[in-house]
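The chains carry the letters A, B, C and D, assigned in the order they are written, with residues numbered from 1 in each.
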Amino acid sequence: MEHSTVVESAQHLTHHVTTQGAALGIIALLPLVGSFLAFVIGKKNRDSAGWIATLAAALSFGCVLNYFFALPEGGAFEHRVFEWFSAGNISVDFLFRFDQLTAVMCLVVTGIGSLIHLYSIGYMAEDESRHRFFCYLNLFLFSMLLLVLGGNLLVLFVGWEGVGLCSYLLIGFWFKNLSFAAAGKKAFIVNRIGDAGFLLAIFLILLNFGTIDFVELGQRIGGASTELYTLIALCLFVGATGKSAQIPLFVWLPDAMAGPTPVSALIHAATMVTAGVYLLARMHYLFVLAPLAMVVVCTVALLTSLVAALIALVQNDIKKVLAYSTVSQLGFMFLAAGAGAYWVAVFHLVTHAFFKACLFLGSGSVIHACHHEQDMREMGGLGKIMPWTAATYWISTLAIAGIAPFAGYYSKHHIITALQTSGESNSLMLAYGECFATVATVVAVLTAFYMTRSACMTFLGSYRGHSHPHESPKTMVLPLVVLAFLAFVGGYLLEHQLSLAGYLHSVLPVHAHGESEGFLASLLHSWPGFLGVGLALLLYTKLTVVPAKLYGLVPPVSKLLADKFYFDEIYDFLIVKPLYLFSFGLWKGADQAVIDGSVNGTAAVVDMTGEVVRVTETGQLRHYGLFMFAAGVFITIFYLIL
Amino acid sequence: MEGLPLLSTIIFLPLLGAVMLYLLPVCKPASDSDGEVSRYTALIFSLMTFVLSVILLVAFVPEQTDMQFRESASWIPSFGIHYQLGVDGISILLVLLTTFLMPIIILASRSVKDGVRAYLFHMLALETAMLGTLLATDVFLFYIFWELMLAPMYFIIGIWGGKRRIYATLKFVLYTVFGSLLMLVAIFYSVNAYAALHGEYTFDLAKLQEGLVLSRNVQIWLFAAFALAFGIKVPLFPFHTWLPDAHVEAPTGGSVVLAGVLLKMGLYGFIRFAYPLFPLGAQVFGPYLALLAVIGIVYGALVAWAQSDIKKLVAYSSVSHLGYCVLGFVAFNVASTTGSLYQMLNHGISTGALFLLVGVLYDRKHTRLIADYGGLAAKVPVFAFLFLVFTLSSIALPLTNGFIGEFLILSGSFQTFPILTAVAVIGVILGAIYMLGLYMKTMYGELDESKNGDLTDVNSRELLVFTPLFALVFVMGIMPGPFLRVMTPTVESYVQNVQAKMVTVAQEELDYDFNPAEFSPDTVLSKRRGEASPLAQVRFEGGLQ
Amino acid sequence: MANVSMVDVLFALPILVPSLGALLVLLLDVFLEENWPRGIFTGVVLVGTLGAIKYVSDASGVETTLFSGVLYHDPFSVYFFLIITVTAALTLLMSEGRLRQEGIENPGEFYALYLMATAGAMIFVAAAELITLFLGLEIMSMALYCLCGSAVRLSRSSESALKYFFLGSFSSAFLLFGIALLYGLTGSTQLEVISENLVGSNSFVVAIAMGFLLFGFIFKIGAVPFHFWAPDVYQGAPTPVTAFMACTIKASALGAALRVLWMLFVENYEYYQIWSDAVWMIAILTMIIGNVVALRQRSLKRMLAYSSVGHAGYMLVAFLAPMEWGGGAALLYYIAGYGVMTIGAFGVVLAVTAAGAQERDGDDITTFNGLGNSSPVLAALMTLFLLSLAGLPPGMAGFVGKFYVFSAAVSGGYTGLVIVGVLCSAVSCYYYLRVVVAMYFIPAEAGAGDASVAPTVGLSMGSALGLCAGAVLLLGLFPSFVYDSAKLIVSGLY
Amino acid sequence: MVSVNHYLILSLLMFSIGVTGFVIRKNAIVVFMCVELMLNAVNIAFVAFARMHGNLDGEIAVFMVMVVAAAEAAVGLAIIIALFRNAKSVDTDDAAELRL
């Protein structure tokens, strides 16, 4: 597309009819207050904490609904809380803006958030410090809402870092286990690497456009060089890779499963990790001006989804499977964004939130039932014992597999279509579009396969474990059912009834897409899902010996997959260890030896000079006379006469 | 308030308190064996000082960009030296920081068992010196207070310090003296150059700023002398090695005051003296200072990571944080300079609090090694919570104070030094690595019952110490407006003035060159012969035509 | 010509009072009982001298010389009379009752010699004529030689006397030769006449004469390379004598040197070049060597001796800085400040070194361990004096003194010299602070006898130290009082 | 004709001998004599100059110097005796307790 067209469209997409004065802050404030109350009151009465937190989340959801319904088409609400800080040419308002994109995000965050809060009441019922847990969980909701409500990059960044902190706290919630705490730290630090890129992007934007307000920025965009846009876009993408666990910064997410399972569902599946996708959607007008960056996004996303899917194939920890699946699905969302179909990315974000939250909660239910056993080899046959969990899990599996009419199908189908047509808007993608689409289809097959595998291993067959599993309490089942329902019909509703594309077209570029297909066609289009599911069912219910044989077929490959492509080890070996050794060397070598050495050395030299000169003090009268006389003669001759 | 010399009162009230400690009979060791009365006396005086400085802040007019509450009295007329004070948007918040931290330090002095009275005496004397340094607008007076800061700190580290205290304190004093004495020479040179041009000696900063005309080469030398003195104090890489030693050996209060206020004096010196007096020198040195600052940021963070001693870690983190402050200032635009000033306050609060926290641990277990702790969060949750909050403030998490400063600094300096700032951003990552690493190793994991099973959580007195700091972390992070508004008008006009000088003087480009031959007496003779005309007229004015 | 008027005698009273006082002490010693209060009497004499100085300074309207051009009678002399008398009085005050502790067995002689040295110092500084100058120098020196050896039973005392005596006579012989050469060149020993006639003389001979004069003066000032005697003599001599030498004698030597050398060579621009080159070198060497060697000393008196060498270096910097830009005035101020802080420091050493400690390294730095606990006031005072010597606030006199000196030197274009000076000053902080370290940071060794026992500070010692401390603070806080008058005084010289 | 220069050379020679003796001899008495020799060398110079200028200043100076020399003798010998009493030696090399 022509530069001017793109710029025009960007300006158009940020041209809202804004309504001032809506108390948007209350949406975020409720969970913050909830967080405080959950801790203070929960400290006295542990059981109240969960209900308080859930109430806060639900109230917040109510607020969001209120604004959602009040939001006029093509309009936006704005809430300028106060001028945050200003100095020189930098002025930042604490600004909330509620437009269609935010509305979708808020609904997901508070809606699913409320469900997961409710679920957690049951899940955490026995934990000693659950008041702390709910405090953190509500705090997370607060941060996430700041992130999506933020009307400028910095408020977004506040939320961005805030969710990072909550993630850190929640991953390390059981901090007595040092490896859990370490996982939290790792998450935070890897995120920080991304944040550094994000910060640089903010600086670049501020320097070149003089504003970080999304609307103003959209209006001012244009005129700068493509290189600059590419640089900014790439910096933003670095930030996104950190938060949304893309290569090369995805390593923290699997470790993050150390946290309680509801946390994994809420933070590491449904909401926080999608923040990167949200960021790309938010800053779409910058990305469309940087075609090269879009290709990079696509490439990284494709690679991530493939690698993660491959790893997921052989994991035995139920949560690890889901974690890698999340990484892979996030890759799908970025694929959509990279292809220029931002609304599709958001679409997949939403559907993914439905089914992945359901899956995680389901796995949580299983883990809860099996007394914190996470290894699928120790499960099996749970379908009979916990039918609700099994049913919802299966529905979500089909959804993620992309089988029509389950939710996942619609968003996935759009993604592959968008890839195929990406060349239309981005000439650099012309050559690769088909190729990307093909690989994405393969990943879709893999996804269907490994998810079905996990469902089979967990719920089918006979129980292999040693504890006495039981169905979870109602507070846990209810959210499962709701989410499963959404995973079932959510995609269809958003595609046909509610028309997400139409809803978002005032804020995101929505390209005309083919008319809606019939049900049969959609079934036909879900062949990758059928293929994956079918294959997995075959292998894990009928030919149960085959998987082990396959696994042993090419040991290096399976080992490579099982060991997650050695990402952690490589990072450790190439970056972390050398850097630590370097630091240590810097301290001992540079700091103590050279720098401090030269300081102390100077002192020592002066001291030694004193010692040397002291030799002249012989105490002998004759020497003194001689020295004095010689010096006198010397001075007289050298200075006075010469 | 008319008629009351508010600034003088603020400066000397602590000293009065210090003297009272020895004069009041109730403070005598005989009647006050555990030093409790002395502590209260000192606390009252430091609180009074704080109240006065709050009054000062209230009465302060932010829009007025020049010195306020001026006081001036002739002191050494033959050299044009005045006892001259004033406060502006740059110094006022640092004054408040000083007066705010001192009561906290005194409250936290419970860990000092022997010689409480002397300890408090030195602390209060130190407060006087620091306040004087911040409020003096006469270069000579500034220098006196600047040097005066050394003696109390020397005793605080030397008497109440750790094992290697003698080494640390001597190093601290000698290193600092070494730098500041060279600055003294530069002061002489400037004053003489001024006298040569205007026929009168003056140490009045405003007059010097206005009337001092020096060539680029001379300014480079003079700026270098100032920069050395201030750079050592900051401390700028590679002049920082005294700091870890001093911090590790100093008692808790000493560390707090060292990190909280003393280090800021170096940067304050840059802001108040080095830049306005020698804008051309500053122009030349600016990028190099920025480079050193950025090296300091990354280097300090890396070395902090390698530490096994908590205090040393925090000390090196100070090197890193002060690097941000310096970077922000030398980038020299309004945003970055404001950020730099703001970050000085933040660093005072968060690092001060971290040292206090380490002090809490040290008081109980008498070790500062990270390896001796672990899993404390379960045993001392309140402590862990406070530690977390200040850690987050230290790594500049948004909505804590550190973020505002760091963002302003980085985004501001990005406009001047994009590449360097990009490198400095690495410090953001490294900061998380070493601080969270420290937090994890001390607070998380299994508690070693045999070692730390008897650890008690912060008591109410300690809580009282931390509460104001805790509150400020968030107040300054969420509502920085009131703080920034106090300083921005001054900073704006300050940056404008100095930048204007950099431009205009650079255009006039004097032809007088710095001549090393001037170091030898050869030239003096010839000048002496040039009849009664003051020698400097030849040296300084000659270049102006 | 040879008319001795009553006015001359009156104006010479500041010199005559101590001289007569010295004789009276000797006389009374014969007639009065063994333990008559000689110290008080000597004090009264010095107070009388102060009165005489007051009288002279009030009366001095017209500048003139006394006894037909033998002694100057001008504000410069009066200033130095004052410094000499005050420092002598302070030293006397602090040594009251401590002579026996220092091994001085014949107090009568001690006080007589003390007064005589004071009188000699005054003649030295006021001399308007070179033979008088020489006589003043010898009167002062001879008395000092004896004072150094006045602890007759202590071998260190006799050794220091021996060294001082021989090296002193050696250097005065050089000075005398210089005088002879000047006399040969100009036919006069009157300073003013010499100054006039020197113009156009054989510069080779002038240079040699200058060298010989410098030899003599710099020896007494104690600057490198004629400083070798100082540490040995300072260490060996009884502490009051050391203090007296370090302050009073140094002051008078500097005063005399300032006047003589300035009048003879500096005012004659012809010779300024060679003169300044030489003094430049001497000043640098003095600052460096004095301060650097002091780093390694363990004996406190010896360390203070080197420190006094270092300070001589700073003073030579002032010497070099042109007078019209404050060099002379800075020097005058510095001498005053240096005087009180050095006396104070030696006073504390005197108080801390216990009786009979002379033979046993009683002034070793370890003696000071734990002084901060056992005797906090004494330690605090010592800290003040040491900080002042180091030139750090709150030791204000030393700081302001250095400020004046270096500032004048920078005006004079001696920036390089000043840089060396401040660096040496930084080095000096180390050894001064080392004493503070000992006093406060290192506890006294258990059972180390003298150290752990709090030293007794009597009324006289207390008041002397108090006066010194007060002077250190006041001189520094209100330096204009001294400096402005010093400026006026010096302006009379050129 | 014997000129001033001759006297001066003699004076310088004596002075140099004094200096040399001072530097090389160990016996305190001899060293002391060397100092006296130096003073007397100056005396010769004074007298010669006085003669040259035709005024009496130099000769008066000589008297003064002689007085000083006499006093010095008294003081010096007293000190040497004191030293001998303490150290049982008049060797200046032995008087080196104070050093470094």
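Quick note on the criterion: a contact is a pair of C-beta atoms (placed from the backbone, for glycine too) under 8 Å apart; a residue touches a chain by one contact, two chains touch by 3 or more.
For clarity, every value in this text was computed on a predicted model and none was experimentally measured.
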| What chain is most central when centres are computed from CA atoms? | B
| note | When centres are defined as mean Cα positions, the distance from chain A to chain B in whole Å is 39
| note | Per the C-alpha means, the centres of chain A and chain D lie apart by a whole-Å value of 97
| field | Distance between the centres, which are taken as Cα means, of chain C and chain A, whole angstrom | value | 78
| task | Could you check chain B for residues that touch two or more other chains and list them? | result | 174
| query | Listing for chain D: what residues touch at least two other chains? | reply | 19, 22, 31, 92, 95-99
| note | Multi-chain touching residues of chain A, meaning two or more other chains, are 603, 614, 617, 619, 621, 625
| note | Chains touch in the following pairs A-B, A-C, A-D, B-C, C-D
| request: Mind listing the chain B positions that touch chain C in their complex? | output: 75-79, 140, 144-145, 147-148, 150-151, 154-155, 158-159, 165-166, 169-170, 173-174, 177-178, 181-182, 184-185, 188-189, 191-192, 195, 518-525, 527-529, 532, 534-536, 539
| chain A partner contacts - residues on chain D that touch it in the complex | 19, 22-26, 31, 92-93, 95-100
| What residues of chain B sit close enough to touch chain A in their complex? | 171, 174-175, 238, 240-242, 299, 302-303, 305-307, 333-339, 375, 377-378, 392, 397-399, 403-404, 407-408, 410-412, 414-415, 418, 421-422, 425-426, 428-429, 432-433, 436-437, 440, 443-447, 479-481, 484, 488, 491-492, 495
| request: Sort out for me which residues of chain A touch chain D in the complex. | output: 614, 617-622, 625-626, 629
| What residues on chain D touch chain C, complex-wise? | 4, 8, 11, 15, 18-19, 22, 28, 31-32, 35, 38-39, 41-42, 45-46, 48-50, 52-53, 55, 57-58, 60-61, 64-65, 68, 71-72, 75-76, 78-80, 82-83, 85-87, 92, 95-99
